[in-house]
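The following blocks contain the structures, represented as structure tokens.
Shared between the two complexes below is chain A, which pairs with chain B and chain C, respectively.
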Partner chain A sequence: MKFSTKSEKSNLYGYSNWRYKAILIVVVGFLAILVIGFIGLNFGTIAIQPKKILSILWHHKTDDSLGLIIWELRIPRLIMAMLTGMTLASVGGGFQGILRNPLADPYILGVSAGAALGACSALAVQYTAGLYLVPFLPVFALMGAFVAISLVYLLSRKKSHLPMSDLLLAGVAVNFFFSAIITLLLAISRRETRSMLFWLMGDLSTSSWNNIYWISLPVFLGIILLVSSSLELNAIALGEEEALHLGIQTEKLRLKIFFIGSTMIAIVVSFTGLIGFVGLVIPHIARLLVGPDHRIMLPVSALSGSIFLIICDTIARTIIAPTEVPIGVITALIGSPIFIHLLKRRNENNGY
Partner chain B sequence: MVTDFKPIVSLEDVTFSYNHHPAIQEMNLSIYPGQFIGIIGPNGSGKTTMLKLISGIITPQRGNIKIFGKDVRKIPRKKMAKIISMVPQESYITYNYKVKEVVFMGRIPFINQWQGETILDYQISQDAMKKTDSLPHAEKGIHQISGGEVQRVYIARALAQSPKILMLDEFSSHLDLSYKYEIIKILRESLKEEIQCIISVFHDLNLASYCSDQLILLNQGRIEKIGTPQEVINNYYLKKVYHTKPNIIQHPELSIPQVIM
Partner chain C sequence: MNKRIFISFTILSIFFITVLSVCGKSSDGIYPITLVDDLGSEVIIEKKPGKIVSTAPSNTEIIFALGLEDKLIGRSDFCNYPPDAEKIESIGVMTPLNLEKIISLEPDLILAYGGFGTKDIPKIRELGFKVLVIEAESITEMLHSIEFIATACGIPEKGRELTTSLEERINTVISLHSDIPDIEKPKVFTGSGFETIWSPGSGTIFDELVTLAGGKNITENQQGWVPISSELVIETQPDIIIIPTGSMNPEEVTKMKNDIIKRPGWSGLPAVKNNHIFVVNEDLLYREGPRLVEGLELLYEIFHKIRKE
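Let's look at the complex of A and B:
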């Protein structure tokens, strides 16, 4: 009798309390962000002693120039990098889950480009028509992102199902198309080249407390909504029909994830421009670290994304100081070798 | 055979076509509780389509399908997931989940999104793994185990869903002989417990004959014959449907027909 002789395990298989695990991960993650963030604060065009920084932080000093540099420049920028990294990585993880494709991310699917084009067009209209549209940039970015994801969706949708390879190809096409229009706008409106270039390569130098107030609520709300869809995203990995058999309304879930993801991306992109590779690479790393269960993987993605972007931004603003390198350049330079390494590893292990 | 019960699955004049290619035509059928139903027929005769129709994955252009007397179209997906579970023929799991995680997914329809799972959900998943002998692989990745092992994990997942109707689409293609016997035994035993009816698509006529109380022989989207294996697997019907003259012998111990080359 093959089935009855197996010795019974006293513990329940599968019963690892993931809630404690998740809380632990979040606490450790935030501590890591604090430490790395503090190290990041030490770097900059003006060297400030770590002791001095601590005292500035402790006394909340903003009355001298060093205090201003810390409180009004470096800290907002740090928090912005954290929020941006979180958003890009968790939305990437969500998109990879819902599309059952480890190559999906908001950048490749054209959502980021859509948001950037939305914001750029607003700027172009502003200069030609003389309307002041800067406060409404997130709204335009949102419209651009929704146009992009709808285009991708409608282009690839067949009668009853959504072939994932088509979706990715449509995304790549929309991404190139929208990026081309941004470049065109750039070529036409020469006067504003500098500020538009920002949308193409990503820039955190405009971070301010005001921006942070704007984006933190949608970012955290969005992450909570994504994480709350984790079990459904897990079921999707079994396949579209299998998920239906598990009671998941796949079409509804897809629209929900697209909506949440695009909104988060649009809001972030309207303040930081296009930053690639984070949404693609970080979820891979998260899966390598903790496995594919979205309940753990998405929070880990968000936290790793923060840490990654804080490090990249620190490099971007110091490596050839006082000149800044666009952060998108750094993420791509670091991200693409990691990505290639992961792909190779994946092929070797036949899984990851 | 209990036939004075109400049917748990009934099809009334069901017609379904994919892009004007008829797959199921004017089908009428009643399935009663306590039975192992085998669906057989040549490629493209509508076997898998039938499963999809019954589980409400696709809706017929004409006719009605009822589960426990209720129109399938009116049963919400989540409720349906508590009635029917499905063992797919082949399916690729995108990410390398652990075996225990895959089996646990069978509990998803029962888990409240905000309250989370209970220890009972883990207990049921573990029992299902034990039944299918998947427990030794519990910590392995689904991409690291063999085809037959994956099939047993799928069966465990479907059992963990604690369905009233279990549907299988050629569940045995990668299973070793010993596991075939064991799995069939488990399935038959489950019919005495919670599961009220098993509907399985078979490619292998002998296995179908071995497993099923009733066989449904499909031919070009229509039911050619319903009956016991003795009534269905004979020269007349097989020749009519498969256009070849098979050699049929009787199983040496069981009184069921077997087809040999």
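Let's look at the complex of A and C:
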């Protein structure tokens, strides 16, 4: 980008102190995650005293059943919820930015349907093929996701351009096409319907340290890359032409965000299944809370996504214990009222 | 090839293979034993399991039938038989398993089911628990499951005793109708009045039960559980309709029969005209435990009665 001086650049975007604001938000956010995470650790089918939990945490005890429950079930699940919420919300924010569409979510560009089709077809064939494919579900989901990403890219590319409307339309088309095949699989399989449905609704119950090792690096790297594109995203928010006048190569930016976001989503979704709503609504909530500047809005989205998903998952696994509710149900049930409330409050304040 | 002879032969041969494989081991000195479960996973049982969790009704019934109920410390929400099973602590539904609950019970052995569908089994194995996945897809395999569980629990003789008596009952049923030619066998349709009719084709336990009981399953040409069209039922003109159900409540039973009668085009079916519609407890027909033999005997009685008419 071409700006003559730093002060000019700051003035243009209206935040001379955004750096401090961002650091403050990240610190406060991580503290909030720690506190809420610890509260979440206290809930579960098995009642464990907070004191006992602290001692298990402190001594890193994993040799008895309570230790196993905390260290191998609850903590990995908590971290997984955190990483997933972070990814969904920040990618949702990024996609809303490049598509200039408030209804965009991380699933709109077809990745999720691809991942879902990969996982569901593995589930569908294993009985007939007599193969035990469940441990490899993430691999199948990831393959499906990348097939979808490449399809969307190839369908929407025009020479070297990636026009916004074509990208959106290709994403929606791929989504519909893959969803139709998933529905077909659901209709013709009997024994696996339940596992497929649970996968489609998202499921954090099998989170393990192993999964966390796999996804944490791509997630953090991806978020840094997204946040570092904030200024360009801010420019594109003014309008396609305006951004071009500011020297932003909108097509390039779109391609970049599409690939970074889709890859992050593909990796996360392969392990967790499709958790809806977070990626659509959390960026809006963040925007309502801190305004539209992506430099602030994206980190706030990521952190609130984490907190939101940790809370939802805690509810999902305890509300009708010992049976678990699919987390997607909870995200939508809790999220929509909060969202509507915030929206109404904003409209009252702004008078429109 | 005559299907009946084929099935009896398979039952016998599998039985001998199992007997041979379990033979020569006394019940006390057998541990540690290495078992291969129905998922194909090798599991080493180091000592006689004292605390068992069963995640499926079929396994729970087998445990009770083997007299191991005092070792059962956890069962699923669906384990409703024998009635005493409901007194045992529940671990919730079968998919997904509530791992927290299972771990807190500290079982020596988990008898799981449907491992093909659940991601929880690799996870709980990772944590060091012994999990045997048991999923029978035929009566022969059900008998094998009984001996398998008996072996894992250190009472192989008890298992053989049980399977021998079950086999005798199966053979009795087969011999009762062995002189009846194929054409005289009643055509049986299994389904419900719901929108989609899932019917058991060949390779399902239900198909096996109908055949062994002396009936002819109208969907035997299909493979596995298949959604079938109303037209296929009309075309095959079944003599008997079996409605498997989880609820034997008289009101619901009447309603289920009415749903069948009211289906467009079905009023002319022989089964409907002669009122040969039978509502049967599905646990006797689907649940892969010892009560399948009860279901077989029940089906035989139904078919026998109708043939006499």
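Heads up, the rule we're going with is that the second predicted complex is superposed on the first by the 258 of 352 C-alpha atoms of A that agree within 3 Å, B and C clash if a C-alpha of one lies under 4 Å from a C-alpha of the other, contacts with A are read in each partner's own complex, and residues count from 1 in each chain.
Just so we're on the same page, contacts are C-beta pairs under 8 Å (C-beta built on N, C-alpha and C of every residue); 3 or more make two chains touch, one makes a residue touch a chain.
Quantities reported herein were computed from a predicted structural model and do not represent experimental measurements.
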Inset, instruction - Kindly classify A:G247 by the partners it touches after superposition: chain B alone (first), chain C alone (second), both, or neither? - result: first
Inset, instruction - Check the residue A:A187 against both partner chains and state whether it touches chain B (first), chain C (second), both, or neither. - result: second
Inset, instruction - Could you tell me if A:L24 is touching chain B, chain C, both of them or neither one (first, second, both, neither)? - result: neither
Inset, instruction - Would you sort A:P102 into first (chain B), second (chain C), both or neither based on which partner it touches? - result: first
Inset, instruction - Could you tell me if A:L68 is touching chain B, chain C, both of them or neither one (first, second, both, neither)? - result: second
Inset, instruction - Determine, under the contact definition given at the top, whether A:G239 touches first (chain B), second (chain C), both, or neither. - result: first
Inset, instruction - Would you check which partner chain A:I46 touches, where first means chain B only, second means chain C only, and both and neither mean what they say? - result: second
Inset, instruction - Touching chain B in one complex and chain C in the other: list those residues of chain A. - result: none
Inset, instruction - Using the touch definition up top, name the residues of chain B that touch chain A in the complex. - result: 19, 52, 55, 57-58, 77-82, 84-86, 88, 91-98, 100-106, 108-109, 111, 113-114, 116, 119, 122-123, 125-126, 129-131, 133, 135-136, 138-139, 141, 143-144, 161, 178, 182, 186
Inset, instruction - Enumerate the contact residues on chain A facing chain B in the complex. - result: 2-3, 6, 8-9, 12-15, 19, 100-102, 159-160, 228, 231-232, 234-239, 241-242, 244-249, 287, 291-293, 350-352
Inset, instruction - Mind listing the chain C positions that touch chain A in their complex? - result: 39-40, 77, 90-93, 95-96, 98-101, 103-104, 106, 114-123, 126-127, 198, 224-225, 227
Legend entry - chain C-touching residues of chain A, taken from the complex the two chains share: 44-46, 65-66, 68-69, 72-74, 123, 126-128, 132, 134-135, 137, 187-188, 190-192, 194-195, 198, 203, 205-206, 208, 317, 321-324
